[in-house]
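Per-chain numbering from 1; labels A, B, C and D assigned in written order.
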Amino acid sequence: MRLLSRVQSLLAFPRWQELKTCQRALSTTMSRKSLDISGIYPPLATPYNKDESIAFDKLELNMKKWNQIPFKGYVVQGSNAEWCFQSWEERVQVVRETAKLAAPGKLIMAGSGCESTRETIRMGKEMAEAGAHALLVVNPFYFKDGMTSDALVAHYTAVADQSPLPIVIYNVPRNTGMNIPVDSIVRMAQHPNIIGIKDSGGDITRIASMVFATSSSDFQVLAGSAGFLLAAYNVGCVGGICALANVLGEEVCKLGELAQSTDSQAARDLQLRLVGPNSCVTSRFGVPGLKAAMEWFGYYGGPTRSPLQPLSDSNSQAMKSEFQKSHFL
Amino acid sequence: MRLLSRVQSLLAFPRWQELKTCQRALSTTMSRKSLDISGIYPPLATPYNKDESIAFDKLELNMKKWNQIPFKGYVVQGSNAEWCFQSWEERVQVVRETAKLAAPGKLIMAGSGCESTRETIRMGKEMAEAGAHALLVVNPFYFKDGMTSDALVAHYTAVADQSPLPIVIYNVPRNTGMNIPVDSIVRMAQHPNIIGIKDSGGDITRIASMVFATSSSDFQVLAGSAGFLLAAYNVGCVGGICALANVLGEEVCKLGELAQSTDSQAARDLQLRLVGPNSCVTSRFGVPGLKAAMEWFGYYGGPTRSPLQPLSDSNSQAMKSEFQKSHFL
Amino acid sequence: MRLLSRVQSLLAFPRWQELKTCQRALSTTMSRKSLDISGIYPPLATPYNKDESIAFDKLELNMKKWNQIPFKGYVVQGSNAEWCFQSWEERVQVVRETAKLAAPGKLIMAGSGCESTRETIRMGKEMAEAGAHALLVVNPFYFKDGMTSDALVAHYTAVADQSPLPIVIYNVPRNTGMNIPVDSIVRMAQHPNIIGIKDSGGDITRIASMVFATSSSDFQVLAGSAGFLLAAYNVGCVGGICALANVLGEEVCKLGELAQSTDSQAARDLQLRLVGPNSCVTSRFGVPGLKAAMEWFGYYGGPTRSPLQPLSDSNSQAMKSEFQKSHFL
Amino acid sequence: MRLLSRVQSLLAFPRWQELKTCQRALSTTMSRKSLDISGIYPPLATPYNKDESIAFDKLELNMKKWNQIPFKGYVVQGSNAEWCFQSWEERVQVVRETAKLAAPGKLIMAGSGCESTRETIRMGKEMAEAGAHALLVVNPFYFKDGMTSDALVAHYTAVADQSPLPIVIYNVPRNTGMNIPVDSIVRMAQHPNIIGIKDSGGDITRIASMVFATSSSDFQVLAGSAGFLLAAYNVGCVGGICALANVLGEEVCKLGELAQSTDSQAARDLQLRLVGPNSCVTSRFGVPGLKAAMEWFGYYGGPTRSPLQPLSDSNSQAMKSEFQKSHFL
């Protein structure tokens, strides 16, 4: 039955038909799909110096601490990395340095999405050479009205066809101002080289729909925030990419573990304690909040790039109070 | 500590201060707060005849079947009842008839929300006399911009002050076009006569926030849809008011039970199977979809009132296919 | 050609086909369509006493002043009347009293929209008997997802078929949370008894589209706010229903006049001065702002009904400053 | 009084205070503000070959035709140029080539906005060297929640401080998913090097507010679409940057002319005819629609870059029908 679904997927993606004649390529591709991305990842914040240049020395210090935590791997150049503020070269260089600094066995998932299909493909190739193991591809969103299901399927199919690495779709409506339609995700899940999705929207019904509708496709769904991580596990997600893990990495990993245990009371208690701090470093105060909180826990946070503004004193106070209410400070 | 929080709440709600001098009234009110609303409820669809008059005989037939199911009670005059299409008198009459037809021990929660504070109060009193045990109060939403946290707290406080029954807040952004702010809910939760909320929005992070922030207030949170019922239980909700329970009542009750058991795999499997059918009878096809599905399962569905339109054949086919995919048909 | 379009419209609206055999009814209906609604109207604020009962004596005082202004007529029970806070009987009674108090020749347009088709029809009949000359019908909006173009066309067609008065559609997205689709408006414009629309959305491209697409249908478009009144006239609207006209009636009428003159500089200057005060009594401070401003200009404003809250002092100050910047205070 | 407002603006923007000691720099800057940007501009579509490389030969052909039309100048690298799909180098190169091909006297306004402040500044400098006369700067929008009024004022101030060319703000909510707040625009308008705004949102009340609130600041407002060009002129805009001008340049210029004449009937008639075709090449069918329509009028349209998809046959037919209804085909 699994083989049948593969054949169906090949028929559905014409460009892949040629692979049918090429047993070796097919088997390689199929094994790619089996890359296991389950587990917890921090989407690493990029450290900057005061002059907004990248502080690679501070990245090294942070990585030493993060490497002690049972993360599955690292997401480099996600939204919290402020990738959108970096030049082409910087985007690749941060991947290269992080890959070097990561402890052995950590999976490097690199954010390679660009607005155009051609640049997304090119960026993915450069990040592969820089040491990434998988690519996290945010959807194009400038022309929101043009990003129909068909356009998105065509985009991701082209990217996946030409990518040396497996593709993880990235849906982040808070930043993109749109939601990737579920029907398009179900179609994309059939592609041998599209292995999963990070969904940051937090609509758990939508996430459950995706899990159910892709259950025969070996498709892995990751929660995009610690705010709904337990709920996500409970409907079949296999992990999470959580901004909060930059700050409270042990606790987020612990929640992932509890979510898969039978101790539902402990899981709930920890999840509820994490919701307030999580909102602070995401929806409420964004990357400036995240970086300020990192400082409280022994990491280098430092400034963001402009135009993001530093956290105000009153917001800092409000954030501290949330961490205290949950007894993390 | 619990007494302390009561005292704080009394200080926060000036009109309640007078109660401090009245020990009896206070103790009565406090015991009200302990009304246990945990469990599963269908928000009953109102049956209409072809000429759009209310089909009380069909209500009786449906109630006979629903009374066999381990529901905690019935929500009468929720959104799926098409309350907005009914006259003042009809709204009350349906509560009265349902209360009569309900099996002994079933809790009757009646939707009494109106746009004005004065009419909401008056409607609540009439529904109390008609046999309701608790009131489900949707927020006013015509003047969305005017419905600030302060306005909503003032509204619900006035309603709760004068209500003979405990109040359950009702947040349903799909219909109201707005979300009740969490900070106002936390304030309202301190009122002795506001005992819980039904949240239909499906933002699980928001729901977890409410649970955590009201944990010292004896405040009960109910999921407003079967689409995220398992997730809701897992972050501390105590039940659900689910349109789908009109159709698949046993299954929704079973999910509520599994959600509280240690069999997380069975819970997940059932939740995932319910998501598709649930979307059909809510977001995708609305009340016309719900009523069409009721017919498939031996209930009287019948027509909606105008301007809602009957389900088209193609939508009916699409809905059937979802129920089949999940093996409920 | 005009006759041809009528015949087409009759074919498009099956229930009207029967009228074809009834020459008299048809000709009556057709003449109805020629009701001229061009001009400026205030959507009257309903005066309340301190206890929230309707202050009919204050209405009389206000009407004496409004009757001096060259308004085409009065809109009774629009959004600013807080109709949504009134009982069925009150809604009709305010129409009756206003009709009595209006100077001879003033057109009374009454807001009769309800969520259900049946109640909208019934309300319209009662308002007709109470003295209205035309009905302003807001679209049903509780089941937003169900209000497709087809559902809206069916609703307005049924209402118009059975209405003793001509129908004016009312689109007010700020309150309803939805926009009536232009394609449905174009279809409805063909109905002999649907004579126009009040559009409060302020999307001038949309308004121009409607004017152009209905140009062969004898369909009259009214601006729903003084904020874009000049622009609306310039793309073919024939008047406006403007909250600000409760306060600055002479000035809004003057703007209507200038908009149709060749003195575009004077029109622009007045329009620009009116924008700030207009925003105050609509989007910024709503009905509480409107009523506070009425007091400054010799009208009775008084309280709103709950849950709307009185204007705060700081907002009152901000509003005063806007009126001063434009030299109206 | 004008000098007074300058001094106020200098006090409001601390970094400009240093200029006070530097009379020469100040006077240069002040003269910059007087750059007259009134008139009509097409936001040029970038021609691509079949392989998605830039077709500079086709650009030359198109420019020859556009140079015959009384445009004030050209907007290069606006949204319709698909700038978001181009590499850094391509963005600059297209400006350089267009500046060379433009007829003498045409103003070149170049879209230099990037997400980061630092890259926006750097891009502006390169485009200045490539021949631009003014910079059109779209707001950063990836971190929508972080783009507060303060953040936007800081961003545009830094950009304007360091820009060799005057800055025109670009507000395009359809693509950015957000609106630049009016209060921030009023503050930015005081900056000597921020000379105007292109507003594509189409909310005419908002546009009138900006015109009124900046009337003492020598600030020029341009309509961002032909759909509301007449209305915009009538509330004090001085021109428009209109996608439709790529296709119907003469007609859009004619509308600009009529809008400033006393022939309001002719202006209205032309505006109404343009609304349908304008919607086709903007909101309905986007850049693929624009490029398809260009082919009908003797321009090279060609393909878009991926992921934008070619216009379907049925959409092409629908678009043709709109152009025919308005008698442009």
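Here, a contact is a pair of C-beta atoms (placed from the backbone, for glycine too) under 8 Å apart; a residue touches a chain by one contact, two chains touch by 3 or more.
These figures come from a predicted structure and were not determined experimentally.
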item	value
Neighbouring chains shared between chain A and chain B, ordered by label	none
Minimal step count in the chain contact network, chain A to chain C	2
Chain whose Cα centroid lies at the greatest distance from that of chain B	D
Centre-of-Cα separation between chain C and chain B, whole angstrom	35
Distance from chain D to chain B - Cα centre to Cα centre, in angstrom	50
Two or more partner chains touched - positions in chain D	none
Overall pattern in which the protein chains touch one another (line/ring/star/complete/other)	ring
Pairs of chains satisfying the touch condition	A-B, A-D, B-C, C-D
Sites on chain C touched by chain D in the complex	202-205, 208-209, 211-212, 215, 225, 227-228, 230-231, 234-236, 262, 264, 267-268, 271-273, 275-276, 278-279
In the complex with chain B, residue positions of chain C that touch it	52, 79, 84-88, 115-119, 140-148, 150-152, 154-155, 158, 174-178, 283, 286-288, 305-309
